[in-house]
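To start, I am sharing the structure in question, which I have written as structure tokens.
A, B, C, D, E and F label the chains in the order they appear, each numbered from 1.
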Amino acid sequence: MKCKISHVNFSFNQEGAIFMGAKRSNEDCKIGLFGVPFDGTTSFRPGTRFGPSAIREASYGLETFCPQLEADLENINFLDLGALEIPHGAPEPVISLVKEATSDLILRKLKPLILGGEHSISSGAVASIATNFPDLILIQLDAHADLRSEWQGNQHSHACAMRRCLDVLPSRKIFQVAIRSGTAEEFQEIKKNNWLVNHHRGHPAFELEKVLNPHKGKPIYLTVDLDWFDPSVMPGTGTPEPGGFFWEDFRSITDVLKKHKIVGADIVELSPQLDSSGISSIIAAKATRSLLMLLNMEN
Amino acid sequence: MKCKISHVNFSFNQEGAIFMGAKRSNEDCKIGLFGVPFDGTTSFRPGTRFGPSAIREASYGLETFCPQLEADLENINFLDLGALEIPHGAPEPVISLVKEATSDLILRKLKPLILGGEHSISSGAVASIATNFPDLILIQLDAHADLRSEWQGNQHSHACAMRRCLDVLPSRKIFQVAIRSGTAEEFQEIKKNNWLVNHHRGHPAFELEKVLNPHKGKPIYLTVDLDWFDPSVMPGTGTPEPGGFFWEDFRSITDVLKKHKIVGADIVELSPQLDSSGISSIIAAKATRSLLMLLNMEN
Amino acid sequence: MKCKISHVNFSFNQEGAIFMGAKRSNEDCKIGLFGVPFDGTTSFRPGTRFGPSAIREASYGLETFCPQLEADLENINFLDLGALEIPHGAPEPVISLVKEATSDLILRKLKPLILGGEHSISSGAVASIATNFPDLILIQLDAHADLRSEWQGNQHSHACAMRRCLDVLPSRKIFQVAIRSGTAEEFQEIKKNNWLVNHHRGHPAFELEKVLNPHKGKPIYLTVDLDWFDPSVMPGTGTPEPGGFFWEDFRSITDVLKKHKIVGADIVELSPQLDSSGISSIIAAKATRSLLMLLNMEN
Amino acid sequence: MKCKISHVNFSFNQEGAIFMGAKRSNEDCKIGLFGVPFDGTTSFRPGTRFGPSAIREASYGLETFCPQLEADLENINFLDLGALEIPHGAPEPVISLVKEATSDLILRKLKPLILGGEHSISSGAVASIATNFPDLILIQLDAHADLRSEWQGNQHSHACAMRRCLDVLPSRKIFQVAIRSGTAEEFQEIKKNNWLVNHHRGHPAFELEKVLNPHKGKPIYLTVDLDWFDPSVMPGTGTPEPGGFFWEDFRSITDVLKKHKIVGADIVELSPQLDSSGISSIIAAKATRSLLMLLNMEN
Amino acid sequence: MKCKISHVNFSFNQEGAIFMGAKRSNEDCKIGLFGVPFDGTTSFRPGTRFGPSAIREASYGLETFCPQLEADLENINFLDLGALEIPHGAPEPVISLVKEATSDLILRKLKPLILGGEHSISSGAVASIATNFPDLILIQLDAHADLRSEWQGNQHSHACAMRRCLDVLPSRKIFQVAIRSGTAEEFQEIKKNNWLVNHHRGHPAFELEKVLNPHKGKPIYLTVDLDWFDPSVMPGTGTPEPGGFFWEDFRSITDVLKKHKIVGADIVELSPQLDSSGISSIIAAKATRSLLMLLNMEN
Amino acid sequence: MKCKISHVNFSFNQEGAIFMGAKRSNEDCKIGLFGVPFDGTTSFRPGTRFGPSAIREASYGLETFCPQLEADLENINFLDLGALEIPHGAPEPVISLVKEATSDLILRKLKPLILGGEHSISSGAVASIATNFPDLILIQLDAHADLRSEWQGNQHSHACAMRRCLDVLPSRKIFQVAIRSGTAEEFQEIKKNNWLVNHHRGHPAFELEKVLNPHKGKPIYLTVDLDWFDPSVMPGTGTPEPGGFFWEDFRSITDVLKKHKIVGADIVELSPQLDSSGISSIIAAKATRSLLMLLNMEN
């Protein structure tokens, strides 16, 4: 089953289930969800290409209702487009396809929600959205700074994901929530630019609320690298970093963000084969459920 | 090796080890522990039938002494009866056998401690105990409300476990400790009936202590669905739900319960094959050790 | 996405990929493939409910062309209907639904190909087809005789699968290909009735060709319990039995069967979670590809 | 539950199930089965200590009837004594305990069948039996010669298992069935002494029959190192060696041995944790079933 | 620890053990072994980047002596250079580096033996060697034809590996040993060109001997895609194809090749994370041991 | 590749990668790191012998820079010596070798950092260091008291590790940080001697700071049994004990210790095969990075 939106192809044939509660045709939908099963530059442990279908399958272990956000997926019109058709190997053509697909969705009044795949795909989405929203702000949940200019001879490695996003972000406004790993140089730059949103007594939402306050109403793109979570709750990712965050921390961040205007989001770096228990896919699916609810809110 | 107590059969032939420190004959025992290896209605990921033997095997990785409850299994007389012999398939005959077995134990002055298996077996035990203790109170540790009337065409699905317990509970007194997943309808009913024991700043024991206070001396049945724990400490369960609890939370709940009169308990939904590391079985075994100590206290 | 054919419901929402090369609408199709994700009576190690989607996903690791049967899936019109919607628990309602679904397919001129799920589902399909083809012959590839009248208190256990098929097979004509495990009583009955197709020097196809020869042109239902294969090539099944067969043996059996008239088939007992390497799903997918080609042949 | 036979202790508390069909008391038994959960000298991948309980648990996936040997465990009186209680660490005290336990069994007219644990335990059993049967012949199924005098500073390493058996074997009569790995020196010694039983066209039973013929009626001890099997059917062992044997090969060897007088046997080197699918434990259990039947034959 | 040979860098810092018996300095060595941990174009299941270090680690579970080839690694001087330093992502720069590294080795009189990594790397080695040996013959052990011109938009995908080798092979002389999977078009081309070396009654060495006979003395490059083996003995590869070969088959092929002049070789597509038992790495290490012995023979 | 420092042998041939950023020659190094791959007395689940190489491999998933300690491994001169060559089996010769190796390092002005292996190896290091620093203080991070005099007939079992350290510690000054498992007798002794450093509201660093204050400047040996961490962050250990600590707790302890004089350390009981996700190895590698930084500080 192929689904073609003008320039790019999506496919469900090889992909797994559709996300719990999703539609498969466009009528009245506000959100368009698609997967980008790409992991070509991953340096440590590959496998994020299986992320999108694992998230969809795991979604059926959850309820459609969220008692915290008091919303129900059954009341949200969103479209699951399946997998973006991509070549494996070099990242550049993949990032271009992500940019095209995102632009197509925006044209059709669909807010994009992208399931990765590795982090390098984000810059395609940011490039597209920033064309439409020049004052776009980027919020990054991540363990790693991802600000390298180049990594292992590749400018589009997942270790350069945020550097590439900054390249296409006119506002150069980025909030890096509680980054905990990077080179000495990366931390110097972060400090100099005040990009780091610190966690106050292990709780990263307090300061996020404060720094976002002056920007109410501005368009926000949220990129969630799942290794932001602690390895104990998210073992299924390529470069787990001890000292991460738990579901309650993510929950409190969504409590902050529900007062803001999210215009697009991605959730990346799930590598389900690394976690035989499947809990990583389930927390990723629950986070995706939250993102769908955030994208659906009228702010 | 078969063990027959009037109406029902127990067997150790195919089951694993006996629980650390248990007796195999009835003399002077106060507690009777048995397994119900049933998972016929599990909707997401089966395998809880292997729970009882996994708990027993894991118990040998622990000490018999608990520094928190200041008790030692070596000073507790409890009987391990092995596995209840059951047919696989439909839940109704299994629930009946659990009811019979529980009644037999009570007749022999043994407080029942049941190792599941899936949650649907609880209503058999509750039905039997409530006959003897009409003012029985039910305390539920669980991630899910389990209050559906029917699920996938089955009234005795594990998703209906608490609904079926309420059917046979004369007092209709249930405390649901920090339930975090359910349908919109389930949460409405819980709210209307004041069944939810909230967690205060992530700590579910504070409010439990308060709501239990007026009921001191009343008989309590405690059902522990292991998915109450966070998936990071209990990956080995069929429907893990992010945002759960840790050992310290369980510990503080036992500190509350040790002042109350527990007359029976079960610990269900361990699915050991889903957790290749084995940590789920070990926390289940440690919780079982606590339950044995709670059941042994004279309140 | 639901697909309703008069009496029964099929669904793709929660199920995985569609089988490589399949259609999703009925035009010009000769074969209808559907999954029955049921494992309620499995006595040893459950998990066959995940079999159908694992077969579909693994199919994408194969080519559409088979150099031995010289056929290509791209030239075969077959419909993938998704998963039959079933209740978990008791087997009787599931077997009834399989019977209904099979009858619907036959009505629509679709030869049924069923992906299990446990072996107990076969009797539903046989019952339906035998109504249309009273001289139906049953060929069973299996490690186990499956002729028990009852097992663990259940007449529809997977250990009784062939007994229940015989109950609804007017011809009582069954060929059990190289069964290698059973009780003393089962082997006596098999011997008395000449049901066993021996393997000649480890090669089960020689004698099958001989015994099938007199029946050329008669309708055949083929049930493939994947534990017929050796545990080394099919570790992902609930009751693996050492001393089984390899791909070359299956290949030679398809060489025999391609001269006969197959009117329906099933392939059951894949339990993918038991095989972390995934080779079980791939051999099951390749065998399914062969079955599609056999069902497509005009004999 | 402890079981004491004069000098040594056996225990079932921590051990798993008893072997399918076994007795737990001595009346009328001819065979005594016990486990030795020791893996202290294993040089590559440890874990054989879990072998005995894995074999017992896996036995319940099999039938009691063997259609090839036409025997049924239900007609064989054999005793399962549980696990020999041993210290971990150095091998010498463990080998002494195995010797004592074996002698006790012989005193009670029980033929010993030992479940390992690592191969170094065999010399304890051989030492005891050779005292009673000075013309004892040793038959070794193994991938490795195991004839080193010392390995990594240890004379009782599993790599020295057969060297230590020869030390205590008065007849110095050993048949090494199709050994396929060793040092240049080991192969020279094997050749010089004519110890190797070659496999004829991949079939190791032909020559075994020939070389055993002159010894009909002599007492035989059979030691089965499970790595004799091909890694594909026995992945769960510490030093798998490609190019091994399949169930049919083992079956043909039992066809030879059933005409001879087996007075004791062991089956060693199962390391179940290395094989998540469990097929290694099942083939080990089926081989153990064969050994029980061989030991029960009156030759 | 870095090792630089003129143009390219090798590293052992992050790589695992050195291959059993290898040297780390060049004196008197005839063979140079290095790893290429690249899996950027793998379409189904990635992870071959971990192949080289898994082969090295597994080598320590083997003996240095091979009783079949009657050779001992202790008598062979070969150099283990570690891992070629490569960028992840696109294949072209990696193939160039492989070509450079191979040329450097040849310059230093070292026959190259390359551990993959995915199959696309072979064309780099073939390109270099064919420059030095214009009459080079290519022998391919593989499950798949790998003759596609392009796959998923990539001309250097692993599915195009042999097409790219043919591009740089002046003799256009290739022997594809018992290929068992491909498109209808690939099989037509193979047939037209007489490239397929059939297996005679399951035994692929008979015909290989015949077709190689006229070419005695000509330089041969041997590329071993490990998925040539049956999935049961080699589950750890990305696209396992049922119906493959066993160790005895490989052994008989080495018996043929030892009479020929092998000037270079690679062994690719081991994906160790897909096989938790580790048997795939061990058979790969044993095959590598054979390749070292073949490369060492003076023909 | 062997590395010999006077009395003892180290080897890298079979061991994995070197630790990220390490040197392989002695010039200007202050710290010497080596592995002791021994697990001969482990009573529950073996496999710690694979700990050292797993820590090294996992180190490459981290950065060399630590934002908390504001240090960079690239600025620290430390030597990775590889694996100490040991015999498997009894612990006594291994402990002697550890003692010798430690003494050699001290002689060469290298502070020892030992990667286990099981906990029993610590007493060898303590014995050597206490000879040089008679006022040596021992700090133990551990789940278990490890104060048994004997366990399963073995005085050097890992369950006796601290008892054996006390035997060779002249000061008899030990701080046991937040031990949470032991026998009733062990807890009595700990209480009597004031050895336990309690955790204050779940936070073990508060009290450690207080009790260490009077000892500023005194030499400290730090032994980290990784089961001190919670099983959710460290599933890969033989006897996980629920209710443990998280990375933030370890971090706060290093904040205390950086003001003290650490003269040696070990990190033991990682059993990587028990954790297929690999997060245990990564937290162990990150903790090792911290220990290297602590050992490098001039206090």
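Structural remarks
Please note the rule applied: a contact is a pair of C-beta atoms (placed from the backbone, for glycine too) under 8 Å apart; a residue touches a chain by one contact, two chains touch by 3 or more.
None of the values given here were measured: they were computed from a predicted structure.
Chains that count as touching both subunit E and subunit F, per the definition above, are A, D. Here the C-alpha atoms of subunit A line up with those of subunit F after a rotation of 120°, rounded in steps of 5. Each chain gets a centre from the mean of its Cα atoms; the one farthest from the centre of subunit A is D.
We define each chain's centre as the mean of its Cα atoms; on that basis subunit B and subunit D are separated by 42 Å.
Subunit D has its Cα centroid 56 Å from the Cα centroid of subunit A. With touch defined as above, residues shared between interfaces to two or more other chains in subunit C number as follows: 45, 60, 230, 232-233, 276.
Taken in their complex, subunit D has these residues touching subunit F: 39-43, 45-47, 49, 86-91, 93, 152-154, 156-157, 273. The residues of subunit D lying in touch with subunit E in their complex are 44-45, 180-184, 187, 202, 230-233, 235-236, 239-244, 274-277.
The touching residues of subunit C, counted against subunit E in their complex, run 60-65, 67, 72, 230, 232-233, 246-248, 251, 276-279, 282-283, 286.
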